Every structure is written in C-alpha cells, then in structure tokens.
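Below you will find the structure I want to go over with you.
In this document, chain identifiers A, B, C, D and E correspond to the written order of the chains, with residue numbering beginning at 1 in each.
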Amino acid sequence: MNPGDWLAHWWPGLLLGPALLGGALAFVWPRLGFALGQGVALLNALAAVLLVWRVAVGGPLAHAAGGWPAPLGIGLRLDGLAVLMVLAAALVAWAGALNARSYFRAHGQAPEGFWPLWLFLMAALNGLFISADLFNLYVMLELTGLAAVGLVVLGGGTDSLAAALRYLLVGLGGSLCYLLGVGLMYGAYGTVDLPLLASQASGPALGAALALMTAGLFFKAGIFPFHFWLPPAHGGAPAPVSAMLSALVVEAAFYLLMRLWLELAPLSLAELALPVSGVLGSAAVVWGAVNALRAERLKLMIAYSTVSQLGYLFLALPLMPLAGAAIWSGAALLVLSHALAKGALFLGAGTVLNVVGHDRIRGLNGLAQRLPLTVAVFVLAAVSLIGLPPSGGFLAKWLLLNGAIAQGQWWAVAVLLVGSVLAGAYMFRVLGRCFTYGHTGGREPGVALAAQWPAFGLAAAAVALGLAGSWVGALALAGSPFEGDALLGVAP
Amino acid sequence: MFDALGLIFAAAGVALFVAGTAGLLRFPDLYTRLHALTKADTLGLGLVCVGAALHWGDPLIALKLGLIWLLVMASSTVLAHLIARAARRDGVRPWEAE
Amino acid sequence: MTASALDFVLAGGLVALGAVLLFSHDLFRSLVLFVVYGLLMAVVWVRLGAPDLALAEAAVGAGVTGALMLAAWHRLPAAGRRAEGVVSGPWALLSGVALAGVAAALIGVLAGLDAQREGGLQQQVLARLPESGVESPVTAVLLNFRGYDTFLELGVLLLAALLVRLGGGADFGLGAKSSSVLRGLADWLAPLLVLTAGYLLWRGGHAPGGAFQAGALLAGAGILLALVYPPGADGRPAGGPRAFARWTQGLRLRGLLSAGFLVFLGVALALLVGGNLLQYPAGWAGALILLIEAAAALSIGAALLVLFMGVAGGREAGAP
Amino acid sequence: MTLSLLYASAGVLLFCLGLFALAVRPHLLHKILALNVAGAGAFLVYLGLAYRGGGAAADPAPQAMVLTGIVVAVSTTALALALALRLGRATGRMELPDGSADR
Amino acid sequence: MTLENWLPALILLSSLLPGLLIFFLAEERHKTRTILNLGGALIKVALVLVMVGGVFAGRSYESRLTLLPGMDLVLNADALSVLLVTLSAGLWLVTTVYAIGYLEDSPHRSRFFGFFSLCVTSAMGVAMAGNMLTFLMFFELLTLSTYPLVVHRGTPEARRAGRIYLAYTLIGGAALLLGVVWLRVLVGPLDFTETGLLADHAGLDPNALRFIFILLVGGMAVKAALVPLHGWLPQAMVAPAPVSALLHAVAVVKAGAFGIVRVVYDVYGVEFSAELGLLAPLAAVAAVTIVYGSVRALYQDSLKKRLAFSTVSQVSYIVLGTAILGPVASVGGMVHLVHQGLMKITLFFCAGNLAETLGIHRVQEMNGVGRRMPYTMAAFTIGALGMIGVPPLAGFVSKWYLAAGGLDAGQGWVVFVLMASSLLNAGYFLPILYRAWFLPASVPWPRERAMPGRFETHWMLLWPPVITAVLVVLAGVLAAAPFSPLEWAQLIARREYGL
C-alpha cells in the first residue's frame, strides 16, 4: 500500500479522530488538557498539510461513512476547496493553541473547559468542511456553534456572557431555518446528499429550501444586517478564541453557501437570487469598515473588520456563476488569507491586551518600541487585509476585480476599491499610533516570544500566500464546478 | 359479557374523572381541590383500568394495566402530598365556610 | 390519505397552543403550556406513524425540557418572573409581515409538493435492513446507515453537558427540604426506572425504543434521587444509594458522560482498519450496535442529569 | 387536504410563530421557548412529509433525523437556560442588554 | 539558473535581506548595522555595474515568478530600467552614509534602517518591473515602506503628515489597481514593450482606453505630485533629512514620474497616446505644475518646504518631456530623471546639515551661513544653480533638450514655460545664496553642536552632498561622454521611438 492510498482511505479518521479523541480525553482528565491541546493541534496541522499534498497530487477524495453510499449513508468528500479550508483551520488552530499557552499564563492557566472546547471546535470545523450531506452539516453546524458559544463564555464577565447568549440564540435561530430547509429538501427529493440533489433537484421546493438554508447561514455568517451579534462576541472572547471564531467559524457558513449556490442551485435560480447577497455584501463592506474606523477598542475594531471582510465574500457570490474560475479561486484565496490575517490580528491583540493591560486604540502610543514583533504582525496582517501586494489578499482582490470588470459589474468594482481604501484607513489608524514615541522604554521584557511567534507566522503566511497564489488557485478548483476553466481570461 | 362489564367499569371511571374535574374547577381552595383530584386519579383510573382489562381479556395486558394503575396512583398520591405540604408551608390557609 | 376532523382539531390545537404559550403575558402559564405542547406533539407523532418519536418526545421533548424550564423558573431573579410583553415598532411589524409571507409561501410550496412527492429512503432502508444488524428501521438508520450523525449528536450532548456543568458537579442542594414520603417513593421507583431503561434499550433493536429513550429514563431516575436526598457536609448526597453518589461526581461522572462518545469513536476508528468509517463488518453489526447503545444510554442518562442539574442546581453553572 | 399537508402546514405555522416570538419577546425564557416551539414546527414538517398513510410506519430516515434534532434541541435548551440564568443573576433582569455594542 | 535569470532578483535581495536582518538587530549594535547597511549598498552598486555592462553589451536580464497563470512577477533590465536602477543604487549608497551620520544617535535606528532598505528595494523593484503587475506591486510596497519613515519622528505633525500621505497614496493606489486590472481584462498580460504593448491590439474601445489612461496616470500622478495631487509632498518634509532626500530624489516622487514614462512609452506607446489625444492634456498638467510649484516655493520660509515645492515643480519636467511627442523632448525628460535626483538630493543633504549642525530650519536664519559652513553651502550653491539651469551644470542640459524638443514638436509655448520656471527658480534660490554668502550672521546660531573634528560638521554628513554636487557638475560638463546620463537617455529615446 503506497502512502497515497493509505491517506486516501484514512483521511476522515485523520481529520476527526485526534481532535475528537483529544477533546473527550481532555474533558475526562482536565489535567491532560494542555498537553492534548498542543499535541492534537500539531497533529492536525500535519494531517492537513499531508492531505493538501495528497489532494494536490492525486485529486479530490471521497468516503462513504458506514460503508453505505449516498443516499442511504452519509457522503464525505475532500476536494480542493475543502482541503484548503481544513488547512486554514488547522494553521489558525495550531497557532491559537501555541498562543493560548502564554495568553492564559497571565491568568494562571486556561479556564476549565477551554481545551476540550477548542479541540471539539477543530473537529467540528473539519467535519463541516468535508461533509457532503445536508443533515450531517446541520449537526456539524450545531457542534461548531455550541463549541464557539462555550469558548466565548470563557471570556468571563457579564459582557461576554451576554454576547455569548446572543450568539447562541441567533445561531440557534439560524440553525432552525437551515434545518427546515433540509427537511423540505428531503421531503421533496428524498435525499439530503449534495451531489445527488445537484443532479436531481429542481422546482419551487428547491428554491424554498435554498432560501431557508441561506437565511439561516446568513445569520451564522453575520452578514450585514445580521451582523449585530458578531462584534461583541468576537470582541469579547479570549483572544485565541476570537482568532478562531473570526477566522473560521463565520467563514464556514460562507463556505456552505458557496457549496449550496454553486453546486446545488441551477444557474437560473442563482442569477435570480444572488444579487441579494451582493447587495448585503456591499453594505457589509462599507458598514463594517466605517464601524471599524470608529471603534475605540482594538479587538472590537478587528471584529468589525471581520464584518467588512466577510462582505467581500458575499459580494463575490453573485459574480461566481458567470466568471466562475477566477472568482471561485479568488474567493478561496480571500477566505484563506483573511483567515490567516485575522487569526494573526486577534492573537496579536491578545498579546497587547496582556502586556499593556488594555486594548484602547488611543492608548497604544509607542507600541512599536514595546512590542516590535506584534506590531510587525499588525503590519503584515494589514497588508493582506487591505489587499496590498504581494499578499494573498492582493491576489484575491485582483481576481475578484478581474472577474467583476470582465462581467461589467462596476458596482462590485467600486465596492472593492472603496473597501480597500477604508481597510487602509482603519488599519493605519492603529499602526500610526504604534509608531509614535509614546513609550520611552525599550522592548517589553518578559513577553514570551512564544506568544508572538505564532501570530507572526500566520501573518507572514497570509502575505506569502500571494507568492503561492498560482498553486492555491489551481488547488481550489480541483473538484469544483469550474474545474478545468482558465483562471484569468481576456474579455472577448 | 366481559365487554358489557368492561363498559360499565370504564363508564364509572369516566364518571369519577368528570366529577373530579368538576371538583377541581368548583371547589373553593387548594386542599379541597386536591381532594377531588386524587379521587379521580386513584379510583377513577382504577375503574378505567379494570374496564380495559375486561375488554381485552388478556392476563398479560391486565398485568400491565395493573402496573400502570399502581404507578400512577403512587406518584399522584405522593404529588398530592407534596403540593399540600408545600401549600401549608407557604401559609395557604384552608377555606372555612362563612 | 385525507385528514379527518380529529386531525384538524389536533393540528389546529397545536398551533393555537403554540401561539398562546408564546404570546401569553403570564410566564408560568407559558411554561406549563409548553409541557402540554410537548405531550400533544407526542400524540401527533403516534398519529403520523412514528412511535419512536412519540416516546422520545414524551421523555425528552416534554419531560426533560419541561423539567428544565420549570427548574429555570424557580431560579429566576425576582424581577425576571414577569414577562415583559412584546417589542413593538417598525422592525417587529416588518418581521411579522415577512414571516407571515414566508409561512404563506412555504405552505404554497408544500401544497404543490403534495401531489408529486418522491418516495424517500424507506424502500432502501427496508431493503438493507437485514444487513444492518437490527430489526427496527429507525434504529438501523440511527446506528448504522446514518450512525455518523448519531455519533456527532452524542458529541453535541457531551459538549452541552461540559458547558452546563463548567465548574460544578451534579449538585445536591435541592433535596434539602424533600419529604420522607417522596423519599420512600423514590427508593422503589428509581430501580424500576433503571429496569425499564434496560428493557427499552434491549427492545430498541426490533421495536420502538433505544438508547435515547433509555437514557431519558435513566436521567429521570437520577434526577429523582438527586431531588430527594439532602446534601451532606461535602455537598454530596448524605443518604441514598452509595453507588449513585459515587458515580455522579468528579472523574467517574466525566467518564460516564463521555463513555458513549468514546466507545462510539473507538468503534468508528477501529473499523477504519478494515473498511470505512463506522462500517460494521458482516455479522458484527448487531453486537457492536448493542455495545454502542448500552454505553450511549449511560452517557445520555448522565448528560441529561447534568443538564438538569446545571439549570436547577444550587451552584452557579459556568461560574469559575 | 391530505394528512401530510395538514401537519406539515401546521409545522410551518409553528415555525414562523416561533421565529416571530424569538424576535419580539424580550424575556429570555420566552426566547428559549420560542426556539423550542419553532424547532418542533420544523420536526413536524419532516414527519408530515414522511407520512406514508393508513397507519403504516413513517419513513424511518426523517424519524432518525428528528430524533437527532430532539436531542440537539434539549442540549442547546439546557445550555441557553444555564447562560440565561447566569445573566439574570448578574444583571437582575432576564433580558439581553441593549443591542448596541460598546466601542 | 544563469546569472541572466538571477541578477535582477539579486539586486533586490542585496537591500531586502540586510533590511530584514536589521529589523531584528538590537538598537545598540551600531557596528553590525553599519556593516549590513554599507555592505548591502556596496554589493548593490557592484551588481548594478555588472548589469549596466551587460545591458550595454546587449545581454538581457530577466527574473520571472508566476503568481497565477497569466500573472507573472517579472524583473528585467531594459535601457530605461538601467537608468533609474543606476541612479537609485548610487544615491542609496551615498544616502546610507549620510543617514548613518545623521541618525546614529537618535532612537529606533533598527526600525528606521530596516524600512529604509525596504524603501530602496521597492524603488529598485519599480525600476526593474517588467510588467504592470510587478510595477504595481513594488509601487504599493513603496507606499507601505515609506510610511513608517515619514512618521518616524512620532510627533503629532509627523503623524498628520503620515495620514495625509497615506490618504493620497492609498486612493491613488486604488485608481492604479483598477486601471491595471481593467487593462489586464482587455488585453491580457501587460508586459512592458518598447514602442508600446497596445500597438499589437487593434480595435479596442478608445474611450475605455482613455479612461484607463487617466486611472493609471492619475494613480501615479499622486506620487509624482502633479497638481492638484501634490498636497502630501510639502507635508511629508517633516521626515528626517535622509528620508526627504530619498523621497524627493529617487524613491517616491521618482517612482511616480517613472511610472508615467512607462505608461506612455511602454504600455500605450507614445505615438498611440498622441493619437488618442492624451498627451496634450498631460503636457498641460505638467506645465501648470511646473509654474505652480515654483510660485508656491517663492513664498515658503521653511527651507525644506521651499525645497519640497521646488520638487513639485522640477519633477514635472520629466512628465513634460514625456508628454511632448518627439525624441528630443523625451531625452530631456529622461535625462532630468537623473539630473533632478542628483541636484535635489544635494540640496536636501545640505538642508539636513544646516538643521543638524546649526539648528537652521528657516530661510531667514541663513544669513552668513556660508562662512560658517563653506563646503556645505558650496554644494548647496551648485545644486541651486543647477536647478535654475545655469550652464554648464546638469540642469542646463535637461532644460536645453526640453526646449529644443518643444520647438521640434512645434510647441513653442514650452520654451515660455521653461523660461518662466527658470526665472522663478532663480527667484527662490538666489536670495538664499545671497543671504548665505553676502549677509553677515545676524544672531549667534540657534543651536551649535560641539565641533566635530577638523570639518565643519561630521564627515559622514559632509561628504555625501559634496560628492553629489561634484556629480551635478560632471553630468553637465561631461554630458557628451559615453555612459553619461545624456547618452543613456538618447539610447532609450532611440529604442522607444523605434529609430
């Protein structure tokens, strides 16, 4: 059995086994939590890298859980987009686990329940990315949501509690919409398997079910105007948790939308419905950025930046059916680079919070002298979020612009450019403070580099993604509806 | 024969339930209402069970029905006891005719 | 089949009950009506040919959830017992109109669907039933065909138990004022419940019943015992069955909570050696399913007990 | 009107009622109740559509799904109640604080 | 894997790697930092000399990395690149020496020199970019790496200047990005081609092309400080003197002007641009900027601000030369790319010396300073006279060719613009020279440092302006010699016009 075959068979076990087992064991023996958390996060990252290699070399993978092929059983699949999401989640989770070690040291140790929840969240995200079964996705969404809410609660204090509860209620409302959509789908077409539905489903029930599921996912993704729960929840959680939530949990909902509308919905329906997503996305880009500009706390600013950056993704959705390959790859790159950059930003904000004692932006004068490495994290992350070359964010915006111009969608072009400039404004508002002479001492002693390196690694990866864009873009297309299309066309 | 007998038993049970319900609605205070309610739960349900057992005529089913009766009776009497106790502790005074 | 008058009454009553309980101004009445709603739902499940669901709904949907709600009511802060009416304003109006539109559209879609609905998976499930290791189709779907879902659902339950009991154990501050009569009842009712749970578990292989229903009964027994025995100096129950006291604390409780999940996970991963995730080898399906169900029933019972304690218990759930 | 359509429609109505109550009832216990009512409505759609007539057993697949859904619902309800009670203890009120986030 | 593939990349790495290493150096490690700085600069000069020789011998150099299919990162060396690369490499070496002398005892040196190196790397990238994408990347990187230099002082004014700088450049960058992507959608990969890449694409909508031209040139005009997009430049003079020197001479402003040259010559093609009617407006904007900048400079009392407005004016000579059809004017514009750099860096070095040694910031304070700092003021004088266009200094050569080119193309008004500008230049430079050399010092110098050794100021501050002043003279006197800037400019013009 050569290594490729071994991977092709064991991959669901690799993605779910360590995290779930580690999570349950960390629950039973809380003392092992730390070791399990570190070990499993590393293992998971290695597994993700291995699988990226496997998919890049050997193409998408599929697996029938229980040995029962769909529609009776539950289908799992690992195509290019899924494996990229798995990779992003694994990297952020690993960096977050490394960072959590020093983040919580300031408070003694990680609060009880942190490690099991962290590991369960990792597993749930992996499960969500690889599932091809609508009902299984519902269970995964709930698992993700529950773990995420639990992690937000760990922020402590009444604000976190209120944020967590609001997040939970909104998330459950969204899940119910999704659940009803799935029920309608099964009732009408007798299966909940995505590929089967894609080939069989048509008619008004499909539209109604998709609308319900989409509404639910809108809530979960926190797209404008359903974003009201997001900033307090992401701004109030412990920093490593915020990193994971902002980088991946909301993007997971977008990932599902991409699947639903591009693999399941017929083109005519997509063309009819997706402009809504474009309008909401445009509003989110501007609204999130404006609020990020007005935010007084660093973490809240980053959270609003998430609202804004998610807007780009929803903006890209209506462009996809026509300018397929470029936008699909662009969205994949954007998801990936946003995940890395946003993870880095939140981890950096956590370091600031621990060292400076607060995260009010006005009080960050001279931070570049105190925490140069963390400021470097902010700079690199800013490069990617604004979309400055040569970052992954730049390539993503390049592809989106390309697709938008090629289709003559000038409103999307305008929003993309305005959003970039606004992103520059709110990121440099912070960076400008960091470069003042407010702090006369030298580097902060006693800040473990271990707290800062993981964030730096993520931020550097977000920028370096731009250099691997060709490869990532091609990988994202593997197994997608646009496989084989040229990435960058020339207008006829 | 058994059917007719069963019907009579069941009808008697239902009558007791109706009476209990009427009591629940019309009696003046908590203690007297409990009094009415427990009659329905114990004797009323017992009569219905006997009627049902006669209707089916199967000893195994009769055994199950008996079990149901015993369990409901046990729980409802204890429940009535608890409610009355709690009411007394909370200082609910029994009703007295003017 | 067309609906009978009884069906109209049942369905209409359900909707009316839902509306009343959601928009009542008396919070306590809402809670009581919610339990009634659950029981009525169970009747509907029977009517729709789903006795498994009826059992689960009565035990979990109405029973445990209702108990949770009532327990929560007792711990509300004094100011929180009043229901604060309804938010009004343009947004409320807008959402009302939108939801009414959604309801009308969905019913329209359902009406269109009614004529040309596809068969679903029933035929396939029945065709493959002999290979599944159990005789009850619902159990076959739950633990074999879609076992992966059930496995994850145990994860959800475990996670909820973890979150609710953060910082606290199954707390026994509740039995302090219990009556000796109740204690006497509990003493012989609890074993009976455990016995019945075992019966339901075994029965699940070929008839309505199974791990969830059994777990709910186990939880009921646990809740009963926790409610009637007063706490000792160390917070553990002073009287009552020693084993119950030992197994609802600390490491053993955590072990119990995760046993079902861990056994399921172990089976799933072990089976990857020879086949797919959770693909039972021929001939082993029945035994493995029973093993998983037994462990799962214990875990579900423990988890539901912990959930109840987290809401009803004396100590702050989630407090550090 | 078929039995299927009747119950599924009732489910849709309950679902929408529940979501509406979730939006407009400020009391947290009402919100949690609303989620449960809406959830039961969704389950009713599953089972209504799974009905196979004449006392025959319903399609087992949606039954299994609803069973899963019920367990998920009780888990999330318990968590929501626990959090709501903690919030109630902390603020003295059983409502979410005003939606506007601090800056 | 040949030198031809690697040389452009190596030239970038020779400043990039030292820059990255310097970021991680502790403040106190003077020696290591100096070695890294000077070592990088010297290696870069050596590599550039190798490349100049190679290009002259007809070899072509190209480093290529594929980002996305059809989207390559290309660095290559054509004649135009070599002009700016050589200038940047040479001036970087000089500026590094100057900056070490200027900043070695102020705080945050590691950060400063790190960004300084990144800034030069970006300028090099701009110079060697082989297509629009690469150009855009380094252009934006330049924005990013100069921002920390502008706000380096950390004062409220510095932060304000930084904000203004960013607002201008980010919006300009967005316009440029839009233009590039749009053009990319229309014609595919945008490799720079001598005589213009659009020559191969007939039948495109001319209005779309005109609009794209406005986006591209508008985006670059922000950096080139064309009126009315010049607002950031006078603000940015709050930066330390070496930064101003670099910004005004080789990096930011020059990148903008160079970009306009690229767009007109290598993307649109100069003849096609004229055909679309784009050159006349561009020439008009340049002329307005020339006059406007000079007029504003007249009224500035702050020395650095006066120099900044002078830059606004002088950089537009390059644009003017580009916007006038005909090889002679092009030669004038391109040779001014080099000459303006040499002259302006001299002036800023001198201004920095005056501020650093004597604390002089304003023109009024300069009375009699020529006797106190004769070498510095001599260099300043040469730079100023060059700017005015006194023969045989470098500035004269540029203006001569521009005027001749204007007449050649039948656009006599250019001569008037140049004359007006020269008069204004004289108007704001000669009073300075007069004060410095002929008026007595009115008050004791505001702040006088301890006498640093035998020279009027530290040797690391003194030599750089003297060297660049000598170069200004040489560039004018030896304009006809081989390898002179003029010779290169003529070579470029021949190729761009396909002669």
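Heads up, the rule we're going with is that a contact is a pair of C-beta atoms (placed from the backbone, for glycine too) under 8 Å apart; a residue touches a chain by one contact, two chains touch by 3 or more.
Quantities reported herein were computed from a predicted structural model and do not represent experimental measurements.
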Contact-graph separation of chain C and chain D, given in steps at minimum: 1
Contact-connected components, chain B excluded, all else fixed in place: one piece
Chain-contact steps, minimal, separating chain C from chain A: 1
Chain pair, B-C or A-D, that carries the greater number of C-beta contacts: A-D
Nearest-to-centre chain - CA centroid comparison: A
Taking each chain's C-alpha mean as its centre, the one farthest from chain D: E
Longest centre-to-centre distance from chain C, chain (CA-based): E
Between chain E and chain C, distance of the C-alpha-averaged centres to the nearest whole Å: 73
Where chain B and chain D are represented by their mean Cα positions, the distance between them in whole Å: 34
Between chain D and chain A, distance of the C-alpha-averaged centres to the nearest whole Å: 28
Computed distance of Cα centres, chain B from chain A, in Å: 60
Sites on chain D at which at least two other chains make contact: 8, 15, 18-19, 28, 32, 41, 43, 45, 48-50, 61-62, 65, 68, 72, 75-76, 79, 83-84, 86
Numbers and ranges of chain C residues touching at least 2 other chains: 106, 110, 113, 117, 120-121, 125, 145-146, 149, 153, 156, 159-160, 163, 318
Chain B residues counted as touching two or more neighbouring chains: none
Pairs of chains satisfying the touch condition: A-C, A-D, A-E, B-C, C-D
In the complex, chain A residues that touch chain E: 329, 366, 368-369, 372, 376, 379, 383, 386, 388-390, 394-395, 397-399, 401-402, 405-406, 413, 417-418, 420-421, 424-425, 428, 431-432, 435-438, 442, 466-467, 469-470, 473-474, 486-488, 490-491
Residues on chain C engaged by chain B in the complex (per definition of touch): 179, 181-182, 185, 189, 192
In the complex with chain D, residue positions of chain C that touch it: 1-3, 7-8, 11-12, 14-15, 18-19, 21-23, 27, 30-31, 34, 37-38, 41, 44-45, 48-50, 52-53, 56-57, 60-61, 64-65, 68-69, 72-73, 75-77, 79-80, 83-88, 91-92, 95-96, 99-100, 102-103, 106-107, 110-111, 113-114, 117, 120-122, 125, 137-138, 140-142, 145-146, 149-150, 153, 156-157, 159-161, 163-164, 212, 300, 303-304, 307-308, 310-311, 316-319
Residue numbers on chain D that touch chain C, as the complex places them: 1-10, 12-21, 23-30, 32-34, 36-37, 40-41, 43-45, 47-68, 70-79, 81-86, 88-89, 92-95
Complex contact set, residues of chain E against chain A: 23, 27, 65-71, 73, 107-108, 111, 136-138, 140-141, 143-144, 147-148, 151-155, 159, 162-163, 166-167, 170-171, 173-175, 177-178, 181-182, 184-188
